[in-house]
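Only one structure is covered here, and it is reproduced in the block below.
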Amino acid sequence: QRLFYSASHEEIKTGATADIYFVKTMEILNHMGLARKEVVAEVFPRKSGIICGVEEVLNLLKDKDVEIYGLQEGESFSPKETIMRIKGPYEEFAIFETALLGILAHSSGWATAARECREAAGDKVMICFGARHVHPAVAPVMERAALIGGASNASCILAAKLLGKQPSGTVPHAAMLIAGDTISVARTYNEIMPPDSPRIILVDTFKDEVEESLAVAEALGRALEGIRLDTPSERGGVTKELVYEVRKRLDQKGYDYVKIFVSGGLTPDRIRELSEAGADAFGVGSYISGASPIDMTMDIKMVEGKPVAKRGRIPGIIENPRLKKLK
Amino acid sequence: QRLFYSASHEEIKTGATADIYFVKTMEILNHMGLARKEVVAEVFPRKSGIICGVEEVLNLLKDKDVEIYGLQEGESFSPKETIMRIKGPYEEFAIFETALLGILAHSSGWATAARECREAAGDKVMICFGARHVHPAVAPVMERAALIGGASNASCILAAKLLGKQPSGTVPHAAMLIAGDTISVARTYNEIMPPDSPRIILVDTFKDEVEESLAVAEALGRALEGIRLDTPSERGGVTKELVYEVRKRLDQKGYDYVKIFVSGGLTPDRIRELSEAGADAFGVGSYISGASPIDMTMDIKMVEGKPVAKRGRIPGIIENPRLKKLK
Amino acid sequence: QRLFYSASHEEIKTGATADIYFVKTMEILNHMGLARKEVVAEVFPRKSGIICGVEEVLNLLKDKDVEIYGLQEGESFSPKETIMRIKGPYEEFAIFETALLGILAHSSGWATAARECREAAGDKVMICFGARHVHPAVAPVMERAALIGGASNASCILAAKLLGKQPSGTVPHAAMLIAGDTISVARTYNEIMPPDSPRIILVDTFKDEVEESLAVAEALGRALEGIRLDTPSERGGVTKELVYEVRKRLDQKGYDYVKIFVSGGLTPDRIRELSEAGADAFGVGSYISGASPIDMTMDIKMVEGKPVAKRGRIPGIIENPRLKKLK
Amino acid sequence: QRLFYSASHEEIKTGATADIYFVKTMEILNHMGLARKEVVAEVFPRKSGIICGVEEVLNLLKDKDVEIYGLQEGESFSPKETIMRIKGPYEEFAIFETALLGILAHSSGWATAARECREAAGDKVMICFGARHVHPAVAPVMERAALIGGASNASCILAAKLLGKQPSGTVPHAAMLIAGDTISVARTYNEIMPPDSPRIILVDTFKDEVEESLAVAEALGRALEGIRLDTPSERGGVTKELVYEVRKRLDQKGYDYVKIFVSGGLTPDRIRELSEAGADAFGVGSYISGASPIDMTMDIKMVEGKPVAKRGRIPGIIENPRLKKLK
Amino acid sequence: QRLFYSASHEEIKTGATADIYFVKTMEILNHMGLARKEVVAEVFPRKSGIICGVEEVLNLLKDKDVEIYGLQEGESFSPKETIMRIKGPYEEFAIFETALLGILAHSSGWATAARECREAAGDKVMICFGARHVHPAVAPVMERAALIGGASNASCILAAKLLGKQPSGTVPHAAMLIAGDTISVARTYNEIMPPDSPRIILVDTFKDEVEESLAVAEALGRALEGIRLDTPSERGGVTKELVYEVRKRLDQKGYDYVKIFVSGGLTPDRIRELSEAGADAFGVGSYISGASPIDMTMDIKMVEGKPVAKRGRIPGIIENPRLKKLK
Amino acid sequence: QRLFYSASHEEIKTGATADIYFVKTMEILNHMGLARKEVVAEVFPRKSGIICGVEEVLNLLKDKDVEIYGLQEGESFSPKETIMRIKGPYEEFAIFETALLGILAHSSGWATAARECREAAGDKVMICFGARHVHPAVAPVMERAALIGGASNASCILAAKLLGKQPSGTVPHAAMLIAGDTISVARTYNEIMPPDSPRIILVDTFKDEVEESLAVAEALGRALEGIRLDTPSERGGVTKELVYEVRKRLDQKGYDYVKIFVSGGLTPDRIRELSEAGADAFGVGSYISGASPIDMTMDIKMVEGKPVAKRGRIPGIIENPRLKKLK
């Protein structure tokens, strides 16, 4: 019995996730003897952004008899720019249109949001914490897109593994709540984690952030890499004044080596603001994971070497010198 | 070699998509001898909406030693309402928090958008055409959520199969472009499709919609179930005046049995407007598929029978008489 | 019996269209022995604009014993600038104030709107199609003002004749609707019109504009000067995407010599936008014809060589070096 | 030699003000043998308003072989409502479309604005002072439309004569400026005007309005019908406080029979405000005369008994039970 | 040597704070023999509000030969309503106009703001904490006005004394900062204050408000009357969520008798919001103390029994049946 | 018996206007033996502005054992900048916090508004007429602050005396209303005032401003220094057009030496506008007197040499090189 509604790799690869009308189309074209007409189709986005998902598209069409031209993962695109061109007998790729567009739309949406965060964070650490907002089947897809867009690391174990990284993360409020105390959790963390696992401790669970930050700093001494501020909105969230004060108060006690990691409802604007106030690293959740897909459209532009187009579009290929032959 | 970055059912079920910090948490709590403390955790949403994903959550925790209370698929919820409660030794479910929240957040976001479209469409047909905007791994998840929210049917083959439905769809512009003509495609469709497959023909590919509608109606006669208007934005999109005129002109020629199916950038407002002008059925794409997940939070509220909470939250269970015992 | 309420030239010239209070004023001043006092009166506008109507004003006062100074037809003016000065015994021109101000106000309003369209159209053809929005008695006045403001030509036969031009225009939807077909009208037009009458054919009556444009181009070949797009608002109006596509599709078929003439709700902003998208000529209707008159005020500023003014105005002449002696 | 660019009644009646394209249309249809096809054409407005100009339209087509159905002068209409229907051989009325639409558009625009002022003024006197803002050829047309819309009277001599009224008006600032004093003008006016000509004296030329009002009231005693406030914008215009104070101060001196007539930039809102403050009569200028024409469209809807329409319109007659047979 | 620039009671009483032009006026009128003309002057406000300062005005004119009519302390007034009328020889009160208007304007401004806070607070305690924002010379005047407007009490010692109240207040952050700890200050307060001095302790100086609230409640037990939340804006200020949580957490520990007193940037809107969330008392600062004076005007309306007025005002008394004879 | 609620200098100096909580604080600290701890307190403003009140603060603490550092009267400050620092045993100044902050807040608010008017007026005369809008006890404080901010002079007699100036002012409407005429008042003024008292006559009481200006100019000849325009809002207030016209009409009659003084609802924007139109001097009322105090906060930052701060503030002194030692 099936546990989840998500599609397996095999289902995707065999076209099971296609829209039914592509199947109907192929039946009709077969009946009319047109199924193997050579067509050229072009993909364009509705908005500007960062392309992502190209590798999966190539795998999707790996053993099909088509040529593929496209931008490369992480490149930027403009509205209506041709970002991919596919050439071959129509039946080779017709039923994959749904999957192909979905891969590009969803991943490009996430990568674009991550790029905005990266630009706000400059050279500082910026990690995607958004896995908890998307279906687990696409959590690694989303985190990969975030890395293509510019995230420093992923918090999802599978995503990190697939991308050859150590996953990144601290300890959530749950640990403190069960232990009943922040300091004992911090000490245990310090005791048992491997030396290369950075000691970053969440300080807003029970006490005022400044008080807890100083207590943790005292408890762990030089071993402490950073504290994490994740103040809930009910307490005003993480403000720039809070970051500034924590920085100053840590410095006054000699803990100037302790980094400040912030999270909670971050957006590019808030990243910029908190960075200026002294934050050293950023955990971004729903700004990346909740980004809408960037709608993609595939238009047939040539049939057997002749330009065609539906009303509203220009017949024939729209040249784009940035396209590379990918297959 | 792996084709896609999406997680398989096994990877989800074994916790591979967890955020790393839950693994670290368990290591610490184990070390402190606290891993099997009995906790009660509650899930609440940030915004109002329609719950979806409960079935997958139950499968995720099927063989774990926990009690689960929750709302039922398709029920509505308010901001900060407790929508699920889990009780059991913390190590039974700790590492599934990421997956569990992701399932609920993503599916509830889609279901909520579909519900809005359903309310706009009243008793008329409203179908989700959004598979092309999301990663194929979650296309069936999204379409299931749309059905929970109120969509009449799905266009994705796998989704329809899993939900025990016939997938729904017409024929895209591609068929007309390759055949070079709408009428011949319409005739072939009529000829070869099984009798119970509704004849709905797209009429905006080459000619003015009114001209093509009348030509198709003449070609297929009583066999024609409906025409589909999907006018591109470059030609002003599908306006209420267009729907009204097509209706009137069909009626004047005696084709009052021909239904008008509309698609292209539909939103609840546009559904309402076009419905009033005479549209009979609606194909909704990115309004549903591009809906942002509804962020969910899981808070630990009891530990070994004692109320706890982090700063900003109220310790102890928040009663909700609408919760049912689900496991 | 009188057919229309409009005033004849004789009625205007003899003061029949004066406001009654100027007649009363003269009776009083006569009784007081002041009717032939020498006065200087100045005219100023409430807003900036383009002056028009000066020639008619000079005709109005042709045989009166007054000196007139003023700006010249088509010059621009600022708010409250003195644009005309009249000097002479008051009874010479008192009762003509109503007519004089009306001539300047109405014509300057139209000329100013036409100037804005001209600036938007640059060197391209811009024709006034507004006669259908104003009373026929002033249609030639309005079209003359449009030409002073910068229109290339007029569509009203009388206006063109009075201005020594060939009137300009294509063929309206009516011809196509009666003939039942665009191509046969186009062929007849081509057959019977004199060689110097440009072949411009309206293409949005029955079919999609692109389809009809290509059909007309094929039918008339090198004889075709241009097509006219006048898409109704019910079909989204003439958009920049439509102009761009028609241009591209004509070019692809070798009809790059065919011009694109646009009309329908044009404003300076829309002219600019459509011009950029490829439109070659513009037919402007209500933007010009519906322009409000620019209110003019005539103030008496000197009486028998002594500065006077009512409250709120400065006594005496307000010098303006741009004024020329006109009479 | 011609003095003005306005068209004479004969020019209008013989079609000289037609747009050239109707002439071309008739040449083509003649050539195709279609000129006498029986058509039904309908006229509709773009906005709601008050119809005016019907009498002139009937005169325009008096000796043509057509039937005419329409609303009656002064009735209200809605956007896109059929307000006139013409039936007959097309060549009977084709070239009169420009004039017919212009008559209706321009007069309906003015009548609609006047109706708004009438509704604001309730039962009080409201007079059109707008002749000075329009070309003298249409000043009587405009004033007639104002009366249809609800104005009490006209200030233009010819308009009043054609409509069988005594023209209405006071004496302008010019008389006072030449006489150098308000009181002597008032006395002369009183002395020489026929008994039925109401004594209304303008009081803002030289002195504060209150001071001058009381002085005029003292000079003319019971003979004084009213004073007129026309304060220039440089002195704050006519405010509701000024009207209220003038009323109170006149009453305090026993001049409660003296009416307050106001003018200067009046709009429906200002009429309402000043009426409430005590004003008894209103002179409205550019709000009426500067009203834009209400664009009218004529569509051919039947040809030889068969419904037709261009794209965007519904073929066939659009029934309107409010239409009466006018010819 | 003078310490402050504020005026003493004697200086006010002898007219030393008058505007110089009243002195000049009296010199002129004396010279003209008009100084003892009997005049009636009326005072009206520019905006609506609550009258305050009447008692001081009566003291100001106590030994002058004038009659005074007026509204009574705390009554509401409308814009331009007559709120005070003074009758007598002009030299009796001329030089007191500046002081009289200033007393009414300033006090009425403060009373009006306090009334808005009172309406927001309903029956709950609302205390003025605004003395620190105004010059100490008027701090008691301001606090008296706040009480007239509806404040429960004053924090300024002198104001309370003059009004026959016990001044109200807790202990500021300064005490905690010097003692280095909140609990020891709370214990000392409890120990040394008289029994009828309510124990209200400020809890946001060093620690999270919830933590400190519970600690104080434990330390003082049943003696504790309330805690005060005054969270600085740098920590998000006092939010409704914070009030709600403090209430719930106090209740959960059995401290449901402990009241919640809030302060810091309160406005009527915030009072309403925090009251709904559970706050029991409100300390309002700059909303009351920073309220602008309500400008007052005194117009001479009768001279020797004859109505007079300057331009813009109506001569004679403006009756107001709400006026009482005060002197 | 007390006439007014304002505090005397002695009451202020002895701490009678303190908030009660400072008294309680001292009782507690005394009991704890902490009353003479050496503290450093800093004052900062919430908004930018101009400091005023420093002299009174020094007098307030003249005989206390504290060091004081601060900005100097009239200097500008930024939000949160340290503008004053006090060092000494806490009991030396604790109870003066309320008075000290009130002095600075209120005077700085007034001085800041006056500075804005000064910047608008450039080098022209700008006088504070605001005494009538504040309590007479603080009228001289307010006028002093206005002078610090940039006013040219004060109208309040006491303020002028304390500041070593001749108070400035013309004659109010009252004099004209009692005398029944402007010219006789003007003549008397001219006759009896000392030669160095400038002859400035108010001209809007009874007649149009232009008429009265010319009459006054004729009556006083070269003795006339200026006329004052104070037109009430009921007559449109003082507009730039009025100033311009008065200037022109005075000049035309040879009175170009007569200055134009304006008053009535002036703001920096209106000062700029009227100055450009020709006004020579400005009387500003409620813009200065109605300015809200600029809230000031005093924070304890050092106790016995150790940095402290409440939550939200940084412990220790915040250096400001602009501070000077004042005591």
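To keep things simple, chains are lettered A, B, C, D, E and F as they appear, and every chain counts its residues starting from 1.
The working rule: a contact is a pair of C-beta atoms (placed from the backbone, for glycine too) under 8 Å apart; a residue touches a chain by one contact, two chains touch by 3 or more.
All values derive from a computational prediction rather than experimental measurement.
To fit its Cα atoms onto subunit F, subunit B must turn through 180 degrees, a value rounded to the nearest 5. Averaged C-alpha coordinates put the centre of subunit B at 57 Å from the centre of subunit C. In terms of their C-alpha centroids, the spacing between subunit A and subunit C amounts to 59 Å. Look at where the CA atoms of subunit C average out and do the same for subunit D: the two points lie 21 Å apart.
Mean C-alpha positions place subunit A and subunit D at a centre distance of 66 Å.
Residue positions of subunit B touching 2 or more other chains: 206-208, 233-235, 241, 245, 311-313.
Chain-to-chain contact here is organised irregularly, matching neither a line nor a ring nor a star, and falling short of all pairs touching. Interface note: chains touch in the pairs A-B, A-C, A-E, A-F, B-C, B-D, B-E, C-D, C-F, D-E, D-F, E-F.
Remark: subunit D residues 208, 210, 241, 244-245, 248-249, 252 touch subunit E in the complex. For subunit C in complex with subunit F, the touching residues are 307, 311-316. Of all residues in subunit E, those touching subunit A in their complex are 206-208, 211, 233-237, 239, 241-242, 245. Residues 2-9, 11-13, 15-25, 27-29, 31-32, 34, 37, 39, 41, 53, 56, 59-60, 62, 90, 94, 97-99, 101-103, 105-107, 129, 131-141, 144, 155-162, 167-180, 184-185, 188-189, 191-193, 197, 204-207, 231-235, 285-286, 289-293, 295-296, 299-300, 303, 308-313 of subunit A touch subunit B in their complex.
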